[in-house]
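Below are two complexes that have chain A in common, paired first with chain B and then with chain C.
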Partner chain A sequence: MASVTLDDVTKRYGEVVAVDHMSLAVEDGELMVLLGPSGCGKTTALRMIAGLEDATEGTIRIGDRVVNDVEPRHRDVSMVFQNYALYPHLTVEKNIASPLLAREMHVDGEDGAVRKLSRTERKERVNDVARLLGLESLLARKPSALSGGQRQRVALARAIVARPKVFLMDEPLSNLDAKLRVQTRGEIVDLHQRLGTTIIYVTHDQVEALTMANRIALIEAGRLQQVGDPQSVYDRPANLFVARFLGTPPMNTVEGTITTTGGLGVRIGGVTVSLPPTPGDSRTNDGKTEARASASVGRIEQGRPVVLGIRSEHLQMLGGAMQEGGSSEAAQVASGFEPLLTGTVAHVEWLGHESLVTVAIGSGPPGARDGGTGSGAGSSVAITSSMPTDAVIGTGDSEGGDVPGSRTTIEVRLGADEQSPRAGATVTLFADPRHLHLFDLASGQRLAWDTHLQAAASR
Partner chain B sequence: MSAVPASRTQVHHVARRARTAGWYLLLTALAVIILFPIYMMVVRALSTPVTYFGRGSPLYPVDVEWGVFRAAWDEGGIGRSMGVSTVATLLMTGGQVVTAILAAYAFAFLRFPLRRLVFVLFIGTLMLPIEVTLIPNVQTMRDLHWLNSFPGLVGPFLASALGTFLIHQGFRAIPTELLDAASLDGYGHMRFLTRVAVPLSKPVIASFTVIAFLGAWNQFIWPEAVSTETHWQTVQIGVAALSATTPDHSNIAFAGAIVASLPLVVLLVAFQRQLVRGLTAGAVKG
Partner chain C sequence: MTLWTRAPASTSRRRRFSGKEALIAYACLLPSIVVFAVFAYYPLYALVQEALRQSNSFGTASRYVGFSQFSSVLSSGEFLSGLAHSALYVVFTVPVGLVAGTVLAVSAHRRLRGIKIFQTIFTSTVATSTAVSSVIFFVLINPEVGIFRTNILNDPRWALLGVSFSSMWANLGLCFIIVLAGLQAVPDELIEAATLDGFGAFRRFLRVTLPLLSPVYLFLIVVLSVFGFQAYAQIVVLTQGGPAGATQTLVYDIFNSQTPNLQGVGAVMSLGLLVVTAMAAAVQFSILQRRVQYGTR
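Entry: the complex of A and B
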């Protein structure tokens, strides 16, 4: 077991920068997930740790040893590949045994000594691992006679049998069907708990990352965006990329400008959404998360272009079929939160345990009540998505609303017991202000407004 | 069901059968054209030349004489030259297969400067007919005092651009993850080559082995050039020499040709699949 440290590591292929000055410390025994869209450099980072690619710059350490110039086989790591990479002409038994044939191993009871294993020792280890993964009955088969899940298990067995310091897993579940993926996910977590070995796990699947990881490292365009435990990266995304990449559906984002008249708020179209103090935001820098601090982003000041983010599950909705009283005061009382925006229900997706309601902002009939702090002029909130996509980082993964000229849509998640509105109904959206996220439009960085609030208020 | 579609189906059916029959007719004709000379070779070998010509060269054997094969083997020297051919062919085939595997591995799995250029140049030698290199090569053999020897017969044919190309294609079909997995498993290049690359490329290697064997056995110009003594004649030279004798003994020459081609017939029957696969290579293995 060992820690893995990347120190300012860069990988270039000619002009292309695959990994850009990445520094990452994976702790001993940790399950670290490298998460990002395809082509973001996460696999390249993994392959550099394995020794299959050379780092152009920077230092890679496994434990205390700098391994930049160490051959893959001497790094004491095992890797599980996306396509399993089993030797098709060898039986399961020989596939599992293959790392034992050529590599020198630590042997039980022989302190620190490394040597090749004897035939009986190899057989013993293969049998142990086969038992651990339930492969005993398959040992004599060739990989072609196995199902996808069984092949994946053989690949895992081959990685485990060498008892490496670090497991590297490159999207190991992506070739399995959905059900098997969930099952194998659990098995890997279980294995990690039993073996206690450091695992670095690459995936583009945020569900895998959130469910399996001790910590997640989010990567985009070769750069590390944020590192933290699943909850902290989900709750406190460091920038727009992370905010939009994590969560299904992605976080709703709406462009606006900062206003400081009558308290801090964001002006979106004709309405102002007020930003009350958020005591929780100081958690950003508590050491658990390594979110890039917002200090460098600058001051929150009047007129500054920002992006307001809110997750679908943090929105509540009144209006349409549900609206009885029709007054926003009643709605406010009902939800306990401040009205945020008004819009028209575009469509409703019923998923059984929940419903996803897509609300088109700004398509409500004239005169619909807008929320806010009273500064609203009574017009409907008209936000055409004028967001220049190149000005906002990480827009590629947000769904809907980013096409120039289209309307901004917001997704709202309703519980199974909540009544869904009809399509076309006018609704008002409410949110607990503590769940509002604010990002700088130009840089995409998270803005922690509570620290700026006092300054703004004391002016 | 109405009658119209039924009759249409029938028409369709008949048309298809007619087309199939047409193809078979064409293929049969082609087969006859190809097999006829071979048949005539057997007829001429079995017939005593004088009687045969006296009967006006019929399409069937006359005055059959089975001893002609023995005569070709012993007096005709086919037995001895077949020995030379067998040894030379095995050396050439073995040499080509081994060097082609090693070269193909280098081109497929190693990274070195100018790899693509070297590969193209290497494969480009396929375009050179043997006549171009014949004179300088013979001169080299003479300088090395390798005329009339096995090194002289096989030396220039221990490497093969065709084999390198075919096996290279086979190696390229091996997923790169296997190389990655193997390097993490601690395999060096030699171990990866022998334990993974070669076993996975068996079909192409088998195909090339058959092709190399055929080529080596059928060589004519080169052994003719480097074996000036009868003792070092290969079987193809031996057959040619026999056919140059008097027409009275032409049956012995034909018998020699039949004997000389027997190993190839056996090979073709046994390795038909590999041969066809080799000729359609490139699409090797799934």
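Entry: the complex of A and C
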């Protein structure tokens, strides 16, 4: 077992920069997921750790050893390939035994020098690993006689058998069907807990990343965007890329400008969303990225273009009827929070365990619009705050989102037991201000508004 | 990567066709059946007919002698020595073709600048007819004016080997192309997997690349054997069967018996060659197919 450290590593192919000054420390025994869209450089990073690619610049360490010039076979790593890369002409048993045939290794109960294993020792190890992964009955088969899931397990077995210091996995589940993927996901996590070996796992699937990782490293365009445990990167995205990449559907983002008149707020179209001081940003998160983000951000001041973000599940919705009967104050009482935005239900997608309601955001302030129009008798659905409404603000067209009447849409998620509003109904959206995220429009970096609040308000 | 694809097991259970479907199927097959009938099956039939007849010494008439001619011709010294020469020719040319094709292909299978030029050079003999390449070879090794001056073609002990050199050289382009195509079909990640397993370049080649090239080698062995058994133009250009009959292969003998009085003899030898070639191919298939790795996934 060993840590893996990338220190300012860059990989260029001619003019193309695949990995751009990446520094990442993977701790010993950690399951680190490299997450990003295809072509972001995550696989290149993995291949540089494996030694299949040379780093153009920077230092790669496995444990304390600099491995830039070490051949792959002497790095003591194993890799699981996306296409499994099983030898088609060899049986499962010989596939698994392959690293044992090639490498010298430490032997249980023996101190000191590494050596090649004897035939019986190899057989024992292969049988142990086969038992661990439920492959005993398949040892005599050729890979062509295996299902996708079985091939996947053989590939895992081949990686495990040599007991390397680090496992590298390159989208190992992407060729499996959805059901098998979920199952294998669990198996890899179990395996990690049992073996305790460092795993670096590349995927473009954010669900895999969130469910499996000890920590996630988000990568875009060859640059590391944020590193942190799943909850901290989900709850406190360091920038817009991370905010939009994680979560299904992605975080809703709406463009606006900072206003400091009457307390800190964001003006979106004709509406001002106030940003009350919150303890939010003082919660634990990855200090390093947060510091970096704040450093490049500068001051929050009047007129600064920003992006307001909020996740679907943090939104609550109140239907038009209630608003008609009472006022936004009534709604506020019901939800416990100040109204955020008003909009019209564009359409509703029923998914069984939940519904996704797409709300087109209007320009008027909450309550100012004629709540009655467009909401027919049956559409006056009272969605009260007592219901655990999972609301989604869809990203929609966030470009030009601050123009009144533009088609910014927000998705709101409702639980299965909640009644969905009809299309055309006017609804008001609420959210706990602690769940509002603020990003700089120009740089995309997270803005921590509470720390700037005093400065902004005192002027 | 396959040069032939073995039918998947599931299709071996035949589906019954309706009358109309069968009719359409046969209609589609008709053109190729006609071509084969005219250019292959009828000549074969005519050849058998001829093999059963013996001409008089002027070639003006022939009579039916049945299979007696087979036993006399096939046991004759001429046939047997021709067969031996042909077999030797195959034994010389096939392994060299495989090895040389592999060496060239492996060295050209790199992502190097300008490698295309070498690939083109290696491939050039494919576009050259046997007669032309034989003439070039003849000049190359000419004892007086050649670049590699040697008397090999005039020495009965070495002449056959000498002629086979020209075949080896002429086959080089084909072997190179086929092996290179095979190499390029070996998935990169298999080589990378072997790299990470810990095998060095040479063992990667032995453990992964070579087994995956086996269909390519089967193809080359069969094709080169057939080429070897049928070698003719080289011999005509280089030695005309000499010196002292040392390069009289079966095909050369067959050609020499295309005189009116020997037609029946030539026909029998042709059939003999056909059977020998077919048997060789069949044996190669049956032995090698069990060891060949088709396709991968």
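Everything below uses one rule, namely that the second predicted complex is superposed on the first by the 398 of 459 C-alpha atoms of A that agree within 3 Å, B and C clash if a C-alpha of one lies under 4 Å from a C-alpha of the other, contacts with A are read in each partner's own complex, and residues count from 1 in each chain.
Here is the rule we go by: a contact is a pair of C-beta atoms (placed from the backbone, for glycine too) under 8 Å apart; a residue touches a chain by one contact, two chains touch by 3 or more.
In this text the structure is predicted, and so the values were computed from the model without any measurement.
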Clash or fit, chain B versus chain C on superposed chain A: clash
Contacts of A:Gly186 with chain B and chain C, given as first, second, both or neither: neither
First, second, both or neither for A:Gly39, with chain B first and chain C second: neither
Which superposed partner A:Asn83 touches (first chain B, second chain C, both, neither): both
Partner chain in contact with A:Pro72 - chain B first, chain C second, else both or neither: both
Partner chain(s) touched by A:Ala102 [first = chain B, second = chain C, both, neither]: both
Partner chain(s) touched by A:Gly196 [first = chain B, second = chain C, both, neither]: neither
Common interface residues of chain A - those touching chain B in one complex and chain C in the other: 50-52, 72-73, 77-79, 81-83, 85-89, 98-99, 101-103, 158
Residue numbers on chain A that touch chain B, as the complex places them: 47, 50-52, 71-73, 77-79, 81-89, 98-99, 101-104, 158
Chain B - residues contacting chain A, complex: 175, 177-178, 180-188, 191, 195-196, 199-200
Of all residues in chain A, those that touch chain C in their complex: 50-52, 72-73, 77-79, 81-83, 85-89, 98-99, 101-103, 143-144, 158, 162
Residue ranges of chain C in contact with chain A within the complex: 187, 189-190, 192-200, 203, 207-208, 211-212, 214, 293, 295-297
